[in-house]
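This report concerns only the one structure given below.
Letters A, B, C, D, E and F name the chains as they come in the text, with residue numbers starting at 1 for each one.
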Amino acid sequence: MIPDAVLLPLIDRALAEDLEGGDLTTEATVPEHTRAVARAAARQELVVCGGEVFERVMQRVDGKLVVDRLLDDGTVAKPGDVLWTVEGAARSILMAERTALNFVQRMTGVATLTKTYVDALPTGSKTRITDTRKTTPGLRSLERHAVRSGGAHNHRDSLGSAVMIKDNHIATAGGVKMAIESARARAPHTSRIEVEVDTDAQLDEALAAGADVILLDNFPPAGIAPAVAKVAGRALIEVSGGITLERIPELASAGVDVISVGALTHSAPAADIGLDIAPLPETS
Amino acid sequence: MIPDAVLLPLIDRALAEDLEGGDLTTEATVPEHTRAVARAAARQELVVCGGEVFERVMQRVDGKLVVDRLLDDGTVAKPGDVLWTVEGAARSILMAERTALNFVQRMTGVATLTKTYVDALPTGSKTRITDTRKTTPGLRSLERHAVRSGGAHNHRDSLGSAVMIKDNHIATAGGVKMAIESARARAPHTSRIEVEVDTDAQLDEALAAGADVILLDNFPPAGIAPAVAKVAGRALIEVSGGITLERIPELASAGVDVISVGALTHSAPAADIGLDIAPLPETS
Amino acid sequence: MIPDAVLLPLIDRALAEDLEGGDLTTEATVPEHTRAVARAAARQELVVCGGEVFERVMQRVDGKLVVDRLLDDGTVAKPGDVLWTVEGAARSILMAERTALNFVQRMTGVATLTKTYVDALPTGSKTRITDTRKTTPGLRSLERHAVRSGGAHNHRDSLGSAVMIKDNHIATAGGVKMAIESARARAPHTSRIEVEVDTDAQLDEALAAGADVILLDNFPPAGIAPAVAKVAGRALIEVSGGITLERIPELASAGVDVISVGALTHSAPAADIGLDIAPLPETS
Amino acid sequence: MIPDAVLLPLIDRALAEDLEGGDLTTEATVPEHTRAVARAAARQELVVCGGEVFERVMQRVDGKLVVDRLLDDGTVAKPGDVLWTVEGAARSILMAERTALNFVQRMTGVATLTKTYVDALPTGSKTRITDTRKTTPGLRSLERHAVRSGGAHNHRDSLGSAVMIKDNHIATAGGVKMAIESARARAPHTSRIEVEVDTDAQLDEALAAGADVILLDNFPPAGIAPAVAKVAGRALIEVSGGITLERIPELASAGVDVISVGALTHSAPAADIGLDIAPLPETS
Amino acid sequence: MIPDAVLLPLIDRALAEDLEGGDLTTEATVPEHTRAVARAAARQELVVCGGEVFERVMQRVDGKLVVDRLLDDGTVAKPGDVLWTVEGAARSILMAERTALNFVQRMTGVATLTKTYVDALPTGSKTRITDTRKTTPGLRSLERHAVRSGGAHNHRDSLGSAVMIKDNHIATAGGVKMAIESARARAPHTSRIEVEVDTDAQLDEALAAGADVILLDNFPPAGIAPAVAKVAGRALIEVSGGITLERIPELASAGVDVISVGALTHSAPAADIGLDIAPLPETS
Amino acid sequence: MIPDAVLLPLIDRALAEDLEGGDLTTEATVPEHTRAVARAAARQELVVCGGEVFERVMQRVDGKLVVDRLLDDGTVAKPGDVLWTVEGAARSILMAERTALNFVQRMTGVATLTKTYVDALPTGSKTRITDTRKTTPGLRSLERHAVRSGGAHNHRDSLGSAVMIKDNHIATAGGVKMAIESARARAPHTSRIEVEVDTDAQLDEALAAGADVILLDNFPPAGIAPAVAKVAGRALIEVSGGITLERIPELASAGVDVISVGALTHSAPAADIGLDIAPLPETS
């Protein structure tokens, strides 16, 4: 459930981009009363995502379009599977088609790529795959939803919801300890304090200062297991930087709690979904 | 030059997503009067894109930040090249960093991918590579700019600016000829009429009806050169569907005028750009 | 079908202008449960336009108002003809009345003026009357719709959809030929290239450079037929500047393809439409 | 002084309409660094209006454009008089030109038409010409400003600022007296109560109930002077409906206080203002 | 009836503040198909206000939520009284709960505080209690509605609807008389002219210049009755500044027409309303 | 530093509310070129808050107004202390005055009330006072800033940034343990899990399930110290419900970590700040 208050501004903006000047072709060639049914079908194996967005795009072009969501977000679809159908005025469906697909192909693409990372975890692993704040400007809420549809988790949603202390913060704050203390004094008590460490010495300092989460950013692969051993459950351990699908099993086996992957949202290719439209006999 | 009227709504929306609740970490650890300079540097070979957006994001967080754009959009940068710098309050730079990078990494990613397609054209080829309407919802104007930065061309910008007759339009209009005539009657005289054909018979029909552009969508590779020969300059020929980098030389050699590639915008991976921030001595 | 995504921002802005502070009079004098029916009737001969806008304004004040559109956009109505009716809470109808009429009187005014120009064309003429970009700021999509309701055509919808090279462009580009070539290199292949010429020499140059459309702007009347003869079908010919109703037949007879008339949108007087409201017995 | 908070949404909306997809022609033909100066000049006698809007449109496309306003709003300009100049990047001026002119031609048109009504008042007359709420949707604040520039006055600005009791209100409220009393009980003490009367009996009733302003709507011309005599200063008298320029002197002489004219805003033709652009030598 | 055009922007903004990042807790713990009914009940004696806002907030999160408004705005509720109920998906109700309550607790708080001032008037008093423009930024229309729900009246709704001449205006205009005349010349004939006076001499001047309303701002209590006597019905008299509940009876008895109280909107404590949620058996 | 992207929509909305129809009084009485300086001064002891908002409101009416912020947010001001000054066109200052004050009186009111709670903590206490999500709709970011200016802390900023499990969640999730586990599985690893407990048994359950924060909501005063003893540092303890200033010392002494107080934002009276405006000699 994404509230209209959050969803409609995104949809309206996208529709206006494409339809502010009307749809020359459809208005000219499709009679006003022609009705149709369209089926959004997977053209590749994919993780379904965006059914609610699909429905609202259609209805924001024409409130009388009726959408049926056959597969829930998060379901794996095979090529040919029908995800959603829409029925109503053929004109409206054609006008909404591209915008609706642009949304859901992106969301499904993110979900599908995400699942490959999740599937790469060893069976029974407690390691989480998460997204990052490297999301498409304006579409963060949709992409975070897509990451969850793919079976992974979200990182903090914004700069205001949790603390992440990076090298620049450490430098201006006067060291890891000072930075952690300042942040804890400022942050809501509901937020954890995460700190990025580059060296073993900083790791010690972060532990001593009571960091809740420690981020090993671009840490040398060989250093990760020892770091996990040293932390010994006193903090959560996140790794990021240079993460590839191939490294997931090894990182999970090393015992890290979280692997954050920017590529889930910044580089997911669109999934292939087609909309097959068939005219309906006019209702009398 | 993208007018503020077009650009600021996109930027404000993206900044609000990340900063509505403030920046817990930076507010806690970076003193208000600390100044810094930051350099946005390429971490891979890439085609520069988004300098204007980078500047406006920075200034929309803090109107006193000063941006210097060292490399123009469209320039090829090598790893390590500095694209743009920004100087001012360290807090402001840190708060704007992620949003600014999210924009420009996407734009640069599109430009960089686009250039690989353009570079695949045979020397001296008159064939155009173009984008499609498969753009990120809300960011079409930025992505079209990125495609041009990469050396390619834009397709029509919206459903209201030119005619593209597809199979569904043909079906409801009662054939290719009828569809073209209806569309010509409706469209501005400044818009060309493009029609998608699937078969040789439709191609004949489209030519007979005076289509300005003919789209061979998912045409069998072997059928393209004969189609070009048949059209013989009476219309522009566009191909789309299943276009890969490898097919570009052959398609260009076959004499098509336009190759449209949805992947330029729907599946470009983000380019890697880093922002290196260094504190400045306080001005007295 | 104008999508809500395009229409509602216009309507909401207009309603807020009038109703942000409530409706002092109606709230004071009309009981909450009084119901009414209102008939929007022509008070002059006019071309109907804006039924969809009328309906959405009413519903955006009160989602329970029911609108019946008796006459389609583009129909000619005689004085007294009822265009649309609305039924529901009397308060809501009275609050929406002025805003709804402000929209449709303007749209109908444009459609009605447009029809006088279209009717001035000789029978069987293939010449088009078109609008221009001289539209009311913010209402372009509605006014273009009104122009079509009046039987005329639209010109390009924005600076981004087609090329129109004017004197300033020619001057900075280094001549007609250079300007056309630069524009063709930049424009989508779906856009035609139109160039404005002031002299016979420029006309030759434009033809030689392959302009798709030639605009004779403020050309001397005596020069138009010769220009048409010279072009001889190699380009479309548009005339503009100083167009009056009286000149339409002669311009059409001279064989021009397009006559663009800024006055259709920038100087159309509002059409006279009244809303007659009658109370209904309360439903029990 | 129209605050940016009020003005920029109008301007941004209008610019986006025209420039969302860029300016194909200007980007192709005008070099980025070419500078120009443009002069907005009257091509007819007109009342200047919209200088502030002209300036902000220019700056909203390009913050570096410098506008000089030579003639204040409300000034009468002769054909050829330069109203405002703008200097800066030629590209920016060309991109902003049409939108800026669309605003000011409308505002100037309203001001110019208004002045003809004001000038029709007998010398020394205390009668006011006013606008109505029949304004262009979304542009009310600009059009009210234009009416004042033309020397006339504004009517109430919205349904929330003053009371105007019309026939439908009287009918549902149970008579003139009841309607006035209900309205006075509801309205702010800063708002006057105006009531529309159709008959002499209603006029008596309105006076008895202490109406502050009485509107004689579509009153027979012969009835107006007697009504003025009867009212004898106990209320302001407004006339409206079927007002033409020719009737102004007689209505003023009859002693009415206010003549409200919907046509000032709903049917003013655009005034003719041209923008003459001249390139400037590049600054070194 | 507050039109959606006015209400939805306020609601959407508030919902986005809270729900842009989803509702972590509810999504995790409440099954999608669990249904519930919730009752908004008074936890103190209060004046009901905001039923329409409550309903629209709920529906803007989930269009399928059904709200029943049991008590009208303006009703006095005792502790335990149910004001409104909402039924539908438990998730949706929980997501909307806080935002809905934030609106209505404020509105009810204003209405409830207002009633204490109104109740302090002597029986049969004709003195009005009014609000001021000291409203919460962005929520003026809702708070003015709340003031009326509490039985008081509104002052002018904005700087554009009526004239209020204060000391700074008098100083720059060159005296009370000049200020009143300038204002009358500028203001719509539907607006009254109110002038603030600090001294007896200014009061004389204001009366002489024909002010419609005279504001005695921070006047010494002993000076009010004499001022009322002097004015003797020639203008309305408003008092403001340092108004406390205790002073209401005496001010009313002194015969002032209007007592304006900024505290009604700027300092009303929220009223206590609870939302009791009970699960419903799933419909099969 | 609140970015314009976050701040301007709030400010523009508030200014439009008041100024959409202009400022009748100021436009009539204050000459365009009159300049003034205004001083915003405390009229009570207060905690300064909102300097940045004051400045941006002024500039959003007139970009040439110059604001000087004499006292930083968070400073205690005595009656008569000047907080900020603004200099420029008198008209602009007068038009912006009320809106600017409406913002800062509310913000300062919240900061001032907050400080009374913070000051009530015993010296050296480690207990935090925090706000809640009971903020004014649309103004959450400003009010949270004000709470910090008053020396207190913020709670989670939205439903998306941390977990707070309440009775309804527990009921539908199937118990405290299940709810905590579901929430932990869903929430970002950067968010703590807070759970509200009503009974001692629930407290045990929450501790066993590893809750990070335990909320004793409306717990009997006598039960708090024992609960603190039982928790013994295994979780943070927050109390809320029925918190009054008088109870703060005792709650702090009982050792709770957090006392959350809805009244800080939902019931803070506005602080009294006056704007004293003095004309300046015109610059020649």
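Basically, contacts are C-beta pairs under 8 Å (C-beta built on N, C-alpha and C of every residue); 3 or more make two chains touch, one makes a residue touch a chain.
Keep in mind it's a predicted model, so treat the numbers as computed, not measured.
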In terms of mean CA position, the chain most removed from subunit A is D
Looking at where subunit B touches subunit F, is over half of the residue numbers used by both copies, so same, or under half, so different?
-> different
Counting in whole Å, what is the centre-to-centre distance of subunit A and subunit D, each centre being its mean C-alpha position?
-> 50
Could you put a whole-Å number on the gap between the CA centroids of subunit C and subunit D?
-> 22
Once you find the CA centre of subunit B and the CA centre of subunit D, what distance in Å lies between them?
-> 42
In whole angstrom, what separates the CA-based centres of subunit A and subunit F?
-> 31
Which subunit B residues sit where two or more other chains touch them?
-> 9, 11, 13, 17, 19-22, 95, 141, 157-158, 160-164, 188, 191
Once you've mapped the touching chain pairs, tell me: line, ring, star, complete or other?
-> complete
What does subunit A use to touch subunit B in their complex?
-> 9-11, 13-14, 17-31, 34, 36, 90, 94-95, 98-99, 101-103, 105-106, 109, 133-141, 158-166, 168-173, 178-179, 182-183, 185-188, 191, 262-263, 266-267, 269-270, 277, 279
List of subunit D residues in touch with subunit B within their complex = 11-13, 15-16, 19-22, 32, 60-63, 89, 91-92, 95-96
Taking the complex as given, what residues does subunit C use to touch subunit F?
-> 17, 20
Sort out for me which residues of subunit B touch subunit C in the complex.
-> 128, 130, 153-158, 160-164, 188-192, 194, 213, 236, 238, 257-258
So, in the complex, the side of subunit D touching subunit F is made of residues 1-6, 8-9, 141, 144-145, 157-158, 161
